[in-house]
Amino acid sequence: MSHHYIEFNNVGYRYPSGQVALENISFRITHGERVALIGANGAGKSTLLNLCCGILLPTTGDIVVGGVRVENKQLQEIRRQVGIVFQNPDDQLIMSSVEEEIAFGPLNMGYPPDKVEQLVEQVMHQTSTIRLRNRPPYNLSGGEKKSVAIASVLAMEPSVILMDEPSASLDPRARRLMMELVESFGHTILLSSHDLGLAERLCPRTLLLHHGYLVADGATTELLSDKELMERCELL
Amino acid sequence: MHMSDSLISPIVAGVGAVVAVSLIAVAIRRTSREAGDKMIPMMGVMGAFIFAAQMLNFTIPGTGSSGHIVGGILLASVLGPWAGFLVLSSVLVLQALLFADGGILVLGCNIINMAATSCLIGYPFITRPLLAGRRTFGRVMWASVAGSVVALFIGAVGVSLETTLSGITALPTAAFLRYMIPIHLVIGIIEGVATGMVLWFLSWRRPALLHNADLDKQKGTSAIWLTLAICSLAMAALFTVIASSSPDGLEWSIVRTSGVEEIVAPATSTTHRFVEAVQEQTALIPDYELSSAGLIGCAILLVLSFILSLMFRNRSAKANK
Amino acid sequence: MSFNLIADTISTEKTGRAESTFTRYDTRAVTLALFCYLVAMLSLPATNLGDLLVMGCLLMIATSLSGIKLRTVLRKSLLVLPLVLLIGLFNPIIDRTPIATFLGVIITRGWVTFLTIIIRGVLAVSAVALVTEGVGFRSICDALRRMGVPKLFTEQLLFLHRYLFVIVEEAQEMSRARLARSGGRNKLRLKVWATLIGTLLIRSIDRAERIYGAMLARGYQGRMPDRGVKRRWHKQDTLLLIIATTLPIATAIFQPIRYLSAL
C-alpha cells in the first residue's frame, strides 16, 4: 500500500498571537503527484508547508502525511517521511563539505556507515553533485547549492518532498537544471512558488491560496489561464 | 586588546591556558545542561554575528576617530553569561587560528582578559543586576557602561600583569598599568555606550531576546550599592589618570625606572645584571610606585567585596522565599 | 580588519588544500607539533637571539617541505607587528645594559631583546599560519575533537566558521546601504550603527532558528553525528611527531648557538 500521500482535513492554523493564517483547508495529494502551491505573499503558503512537515502543528483539523498523522509524538517519523527543501540553501547547508552535508540526514536516522555511504553515492549520482563532494557548501554557486540541498533531502529517502520557492535566486540555467532534476524524481511533490512558469512546467495540478483559504484546486493550465481568478487572488 | 605570543612566557601562557580551559569546561557543562546541543547552531551563528559586529566601526561622537565593540556584554545579555563566554572564546580561537589576531599560546590569557571579564564578571555582577527594575534608557546605558568599564579595567590589569610577569618586556608593571588603565577605561566607556544603545534597541524591538527578560519584574535593590561601589572604583581609577597625565607622565616614570642618569654603572657580569632585572620585574609592584600599588589593592578589594556582597544577598533572598 | 582579508582567508579554504603535504598526516600530529614548536621557541630566554634564529630556520624548512609559499606564511605576521613594535620599542629605551660589541659598536641588551620580540612575533604567527594553511580550519577542529575537546565546543566553532562569511557579507551590505545615505561619510554614526547591529542581531537569531528547524527536519535529535576524517594514526604520523617535536625542544633545552658562542 502506498504511503506517499498528503491529506489535509479541515485544517486551520492560528498563530499564538491569535492571527489566523489558514482556515478550512482540505485536499488530498496522491502517490507520485506533483502539485504546485501558489498564492500572493501572506496567503499562507509557507504556513501550509510548515504544517506538512511538522514544523507547525495544526490548531484545527488533521493532517496525514506519508501515512503518519502530524502530531507531537510522531514528529521523528514525520521528519523521516517528509523532506523539505528550504527556500534559502544557506539555512539548510550546515556542514563543511558536500559529502558530509548529504550524509547528515542518514546519519541522524541512525543508519549503519555502509548504508549511509551507499545512499550518499547514489544521491550524488542522481543529482550530478559527485564532482562537488569535497567542496564546502558555502562556496558553491546558487544552483550548485540548490542541488546539494535537494540531494541532502533525497538521501533521507522521504515519501514526500516539499519545496519552498525552489527557483528563488537561481539563474536561468540553474533553474532549468533544477527543473530537470525534479522531473526525474518519482516522489510525491508539493512545491510552493511565485514562479508560475515553473509551476506550469513541473506540476499538472495546482492549489491556490488566498488570505488563508484554499480558493482553487485543479489543473494548472486551467487555473493559470483563468485571468479573473488570478486577479482576484492578487497574482496578476 | 589581543595579546600576542611574542611578549609572553610559556609559563604565564600555561597558567592562563589552564584557567581558561577550566572556565570553558564549566561553561560547556552549564550550557549543555541548560539547552543541550540545540545551542550549537545558535552559538555558531551568534559567533559569526559578533565577529561581523566587531568589524563594523562607528564614529565616536565628539572626536573624529572610530571605534568598535568587542561585544562580550552584548552576547551575555542575549545568550546568558556561560553561552556568551563560549561564543566569545570561540571567536578568539578563530581569530587566532585564521587571522593572526592574538597568538595560540596566549589564547588562554586573551580568553580571560576579554571573554571572561565581560561575560563572566561584567555582565552577571554589574550589568544584569543594574538592569533589574524599570528599564529606562538611562538605566540601560548605566548598566552597560558600568559593566563594560569594570570588565575592561580588569582586562587591562590582566594584560599588564601577564605581560610584565613574563619578563620579556623591559617595562615595569607599574608603568604598564599606568599606560593601560586609562586607555582601557576610556575604551570601556565607549564600548559601554555603544552596547547600551544596541541593548536599548533590542529592549524596544524584541525584548524577549534578552536573557532573563523578566528582570524588569525583579526589584533593583542592589542598584544603589553597586552604583556606590562603581563610583568609588571610578574615582580610584581617576587617580591613575590624573597621576599619569601629570607633566612628567610615562616618560618620567620610565626615566626613573631605568635610571638613565645613573647608567654609568660598573661593568658587572651579565648574569648578575640579568638576575637583578628579573628580580625587579618579578617584584609585583616595586615599592617606589606606592600610589599604583594602593590603587590596585583598593580596586581588587572593592571588586572582591561587592562580589561577596552579591553572593550573600542572593543567598539571603533565597532564604526568605 | 578588512572585509577583503576575511573574504580572502575564507576563500583559500575552498580548494580543500590539495597542494599541501600536511594533509598526508593525521592533523593531531601536526597540531601537537605546532604546539611543541611554539612552547620551545617562546621559552628561549629573551637575550638568546642565535637559537631563535635556529628556530626560524626550522620553520623555514617546514615551510618548504609543506609546499606552501613562504610569502603566504609570513604575510599574516605583518598584521601583528605594529602593536608588538610599540611595546617592544620600550626595551632599548629602558634596558641600556651593554652586552656585546659588534664592529666597534656597543650593543645593549635592550636592542637584542627588541629584536627577539619581533622575531618571536613573526615566528609564532607564521608557524600558526603554516599549519592553518596546510591543513585547514575544519581539520584543526576535527583534530581538537579527537584529542578530547567536547563536541559542543568544536561543533559550534565549525558553525561559526561556516556562517562567518554569510553574516559578514550581510553586515557589509546593510552598512553599505546606510552609508550610501549618509552623505559622504565613511563611518556610521552611533545611533545608526546601533540600529544596524541590533537588526543584524535579530536577523542572525532568526536565521539560527531556521537553521535549527532545518536540522530538525533532517532528523537531528540533539547529538551531532560523528563527522569527518576517518583517519587512523599511522607510523608516519609518529615519525612526524618525533622529528617535529625533538628538534625545537632540543634547541630550546641545549641552546647550541649560545653554548657555541660562549666557548
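Each chain gets a letter, A, B and C, in the order it is written, and its residues are counted from 1.
By our rule, contacts are C-beta pairs under 8 Å (C-beta built on N, C-alpha and C of every residue); 3 or more make two chains touch, one makes a residue touch a chain.
Please read all numbers here as calculations on a predicted model, not as lab measurements.
Colleague: With chains as vertices joined when they touch, what's the shape: line, ring, star, complete or other?
Modeller: Graph shape here is a line: each chain touches the next, no loop.
Colleague: For which chain is the distance between its Cα centroid and the global protein Cα centroid smallest?
Modeller: Answer for the innermost chain: C.
Colleague: Need the CA-centroid distance for the pair subunit A / subunit C, whole Å please.
Modeller: 42
Colleague: Measure off the straight-line distance from the CA centroid of subunit A to the CA centroid of subunit B, and report it in whole Å.
Modeller: 49
Colleague: Round to the nearest whole Å and give the separation of the Cα centres of subunit B and subunit C.
Modeller: Using C-alpha averages as centres, the distance is 23 Å.
Colleague: If I count partner chains per residue in subunit A, which residues reach a count of at least 2?
Modeller: Residues 94 of subunit A touch two or more partner chains.
Colleague: Which parts of subunit B, given as residue numbers and ranges, touch two or more other chains?
Modeller: 41 - these are the residues of subunit B that touch more than one other chain.
Colleague: Would you mind listing the residues of subunit C that make contact with two or more other chains?
Modeller: In subunit C, the residues touching two or more other chains are 158-159, 161-163, 166, 207, 211, 215.
Colleague: Under the touch definition given earlier, write down the residues of subunit C that touch subunit B in their complex.
Modeller: 1, 3, 5-6, 9, 34-35, 38-39, 42-43, 46-47, 76-77, 79-80, 83-84, 87-88, 90-91, 93-99, 109-110, 113, 116-118, 120-121, 124-125, 128-129, 132, 137, 140, 150-153, 155-164, 166-168, 170-171, 175, 185, 187-191, 193-198, 200-202, 204-205, 207-209, 211-212, 215, 222-224
Colleague: Using the touch definition up top, name the residues of subunit A that touch subunit C in the complex.
Modeller: 53, 55, 76, 79-80, 82-84, 86, 88, 90-92, 94-97, 100, 103-105, 107-109, 134-136, 138-139, 152-153, 156
Colleague: Name, in rising order, each residue of subunit B that touches subunit C in their complex.
Modeller: Spelled out, the residues of subunit B in touch with subunit C are 4-10, 13, 24-25, 28, 31-32, 36-49, 51-61, 66, 74, 78, 86-87, 90-91, 93-94, 96-101, 103-105, 163, 167-171, 193-194, 197-198, 200-202, 205-206, 209, 254, 257-258, 260, 263, 265, 267, 270, 273-274, 277.
Colleague: Can you list the residues on subunit C that touch subunit A in the complex?
Modeller: Spelled out, the residues of subunit C in touch with subunit A are 11, 13-14, 16, 138, 158-159, 161-163, 165-166, 207, 210-211, 213-221, 225-228.
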